[in-house]
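Heads up, the next two complexes both have chain A, just with different partners, chain B and then chain C.
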Partner chain A sequence: MTELSLAPPLREFAAEWLKYRRTWRGSIVIGLVNPLLFLTGIGIIGKLIDSSATGPLGGVSYLTWLAPGLMAASAMQMGFGSGGFGAFRAAAPGGGYRAASATPMSPTDILLGSLLFVTFRLSLLSAGFLLVQALLGAAPTWWAVLTVPAAALTGLAFAAPMAAWGIATKRFSTMQTVFRFVVQPLYLLSGTFFPLSTVPAWLQKVAYASPLWHGVELCRDINLGRLTFAAGAIHGGFLIAMVIAGVLFARVTYRRKLHE
Partner chain B sequence: MQGDTASQAATLGVAGERPSTGPLVEARKLTKVHPARGGAAALVAVDGIDFRLERGEAFGFLGPNGAGKSSTMRMIACVSPPTSGTLRMLGMDAATDGSAIRARIGVVPQDDSLDAALTVRENLLVYGRYFGLSRATVRERSDKLLDFARLEDKADQRVETLSGGMRRRLTIARSLINDPELLLLDEPTTGLDPQARHVLWERLFQLKSQGVTLILTTHYMDEAEQLCDRLVIMDGGRIVAEGSPRSLIDAHVTREVLELRFADADREKATDVVLALAPGPVCQRVDVLPDRLLVYADDGDDALAVVNAAGLEPLTALVRRASLEDVFLTLTGRSLVE
Partner chain C sequence: MTVTEAIREVASRPRVGTWPLLTRQVYVYRRSWTELVAAVLEPLMYLLTMGVGLGKLVGHAPGLSHVSYAAYVAPGLLAMAVMNAATAETIFGAFDRIKQAKLYDVVIATPMSIAEIVRAELWWATARGVLAGTGFLAAMAAFGLVHSVMSLLIVPASALVALAFAAAGLIAASYVRDWDDFQYVQLVMLPMFLFATTFYPLSVYPRGVQLLVECLPLFHSINLIREPALGAIGGDTVVAVAYLVAMTALCWWFAVRRMTRVLVR
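== the complex of A and B ==
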């Protein structure tokens, strides 16, 4: 338990990959078709917006402005789901955790392996998104490649604390409610669809506390090639702090649930 | 036959005799308190029990539902830390060396933890990889274990499609993937039909004859009698008796038991008459159950003669050998299976 080796978490990663393999083709199609439809639609509407005023957007097209924010937001959704719902299902009868915890794997090994796999899926999702975005001309520079790890980090900032909660909770429905009434509205409050400068000041302050806002800003600044060191440190630091806090919390709840 | 078993042991790669160094498992004042949670009060599931077992033994925990058998097994499996007391296994401490101990034991939990989304073979693969075994090793052992569990033709089917007995056999096969020195089985045959139970018993006999140390829990006294060299009887988190099945029967009950059933109209009067016969020269003791009377006697036929001589005419009278069920009833005043 004291020494931390990467080998046991990779075994959990491999186990989850084996299960994912059955459905990965389907999820890759969804991962490409979703952004394609969405961004194409936005691109058309965006033309109307662009023709009226792009002042608040900093002189770039609406599509280019919006796409990295959407990428961060879909990473958030996946992070919430595979972190929270994933841990809940894996710990339930028929899930994989109970078998793993009877082996030399420690609860922390299992946790880290699962989060590693979530990170992998987040990266795939974001890479697919970026591909579509680039095809539609919304990735102006090569810096855009770095939005993939930035979006994955955004997703992980949700996945780690959600795993801590998902493994401990008895009620799946509570998580679903939070998803619907807290996570979805974050979209609107986090400067995904419109610049925060257009909303009242108090609402802007709320947004600063939203992990998604930090993820959106990080991805957007990177995509536009305008990330400053200070902004990167603040946004990245906020997200990394969420991941660390989530992992520390989840270590406790995983041990309690799997080795009670 | 002998050679057959030996060669299977070799091909299965199951741990046989290894140099013995002290007891394989030793528990002292082992206690598990399930903490209070969500309205439920804290519960003492295992209440300071002591036991030890040697390599090669088949050791059982016999007791009714709620006795604390699973709580004990989960501590031995190192997935549930003891609240107090000590548990030493394989020369290590269960409280601190859980991972190293789990690497050397096999576990068949009460509710099987198979991954429903994976195939039979994939379940073995994933499980073996958790032990750090190479793919090649797992593949090779899987073939033998699927053969052992008679699941060769199910290898590529999803676990969802298996019957209860097959799932149980797969769980046992899976528990052997790491070539364990000690195998834990929590109620291995509960919920199975008689035929599936017998197939499973046969597999467990085979393991036993290969020298694998077994710890099993059951609330079936026939299972305990069949499989265990030695067992403890648990009730309310405590051990109430310990010994071989034979010695427990010898120590706590008579050699035979006469079971008497009476017509509803006669029952009350007949019960009084039979109770008056014990303790006597022939009938040593009587237990009154809702539907029948048990008369403990070294010779059941003699006891029946005494009953008939007292002028009673039972609807049915059955003489049988005393069992662990009778031991449990004698010690606790309750039946094992309600």
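== the complex of A and C ==
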């Protein structure tokens, strides 16, 4: 087995960066407009709540409670898309992977470079989100800055396993179906929009298995400056385990696809 | 050939009706059951999230102490489901048929006129909208959120909402250049979904914003569906019907012109 060197993955990163430079303006506008719309649109519901009871929210306003969860959820959506759809497109004829695999770069180099680029985009998305969130007054402490890497980790926990699957799958529509019937329900029901303490206990246990729930909790605790070591270790550990499992799995599928 | 001449020319052809295209759509879609499931499942997820999950914190509907928050949000989500189903067909589907599959380039060589193509597009999209609306209404009933017999009026109301959005969507499809342009469509649909009183009444906004929201077609569509759902039909329903009928007529007329321009180059 060859040793992993740093430079070749960075070449894959550079290639994807070159492509991104053509479309970055649009994606930045969308990256700022989306959180602005969601935070104001859904945040107004807080007006209906804050007057009655914020007990289940831990005493903070609904907007402050919602924002970090929504940031993690947006990172999940992007991670799923850039990981799964991205790998599928890049491996298809005309995609960048075919060309890259004809160079001395190994499939693992290509994989790591791609995931590095996904991490970069996730960080950019989350930083934009945090900017809007702070402007709306929903980032109470400086700890909020650390929600950016936490959200990026959440996105990566989806991107790595999805890259493993996306490069191997033959049908694009299967991934779209999974997005519709798995990712969207996760988006809505992982404690992003309402506290899980309001649902029955068995349903809460189901949510604990959702990677997004761990990301949401991690970001929310950080944003409120109340993260304990134990909670950080559990949530962070769960997400890191998903990234590692995804990378190990993707190394196999990348090699199989690109060196077939 | 100018557009007006083109319209006159196709209008003089013998009529075929919409049937051939409608059968084609059924044939193409007979395996796409996931589309239908998703059309009901997506708003249902929002209902669980906003209505039931968040509803525990909100309590009853703002300003209506006898209505649960879930019962307030559900009609708004139903209107959204109808809008999404209809526009999915005439924006995304029609774009594919016009510019990707180039289906209509072939169809205009047959006795079928452009007005008939437009009519077939609109009937089909309306059917999908009504199907989504009725499916969601059944889900609402299963959740115990239907209290009044008047709720049956939601089915014809869905048809009007679907038709109005389908006609507007077809105009949008005629302007779309490629798949990247769909993010602009999203830029219109998303704020409409969030701000057109789906989740809270108009009274939360300052007057200036209220006026803006009152211009949105989804606002009137939600009124048209929420009033019978809550068992109280009033002036808002009349305004909504007038708005949506006018929107349908105007957009339909313009859609025929746009389609003629796009197809008869």
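The rule is short, and it goes like this: the second predicted complex is superposed on the first by the 259 of 260 C-alpha atoms of A that agree within 3 Å, B and C clash if a C-alpha of one lies under 4 Å from a C-alpha of the other, contacts with A are read in each partner's own complex, and residues count from 1 in each chain.
One rule holds for everything that comes next: contacts are C-beta pairs under 8 Å (C-beta built on N, C-alpha and C of every residue); 3 or more make two chains touch, one makes a residue touch a chain.
Just so we're clear, the structure is a prediction, and the values are computed from it rather than from any experiment.
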item: Which of chain B and chain C A:Ala157 touches, first, second, both or neither; value: neither
item: First (chain B), second (chain C), both or neither touched by A:Phe38; value: second
item: First, second, both or neither for A:Thr177, with chain B first and chain C second; value: second
item: Partner chain in contact with A:Ala207 - chain B first, chain C second, else both or neither; value: neither
item: Touching partner for A:Cys219 - first (chain B), second (chain C), both, neither; value: neither
item: First (chain B), second (chain C), both or neither touched by A:Ala87; value: neither
item: Chain B versus chain C as contact partner of A:Leu48, first or second or both or neither; value: second
item: Residues of chain B touching chain A in the complex; value: 77-81, 98-100, 102-103, 107, 109, 111, 113-118, 122-123, 125-127, 129-132, 174, 178
item: Partner chain A, residues of chain C touching it in the complex; value: 34, 38, 41-42, 45-46, 48-50, 53-54, 56-59, 62, 69, 180, 183, 187, 190-191, 194-195, 199-200, 204
item: Of all residues in chain A, those that touch chain B in their complex; value: 1, 7-8, 11-12, 14-15, 18-19, 22, 93-96, 98-106, 258-260
item: Contact footprint of chain C on chain A as seen in their complex; value: 26, 30, 33-34, 37-38, 40-42, 44-45, 47-49, 52-54, 56-57, 62, 177, 180-181, 184-185, 188-189, 193-195, 198-199
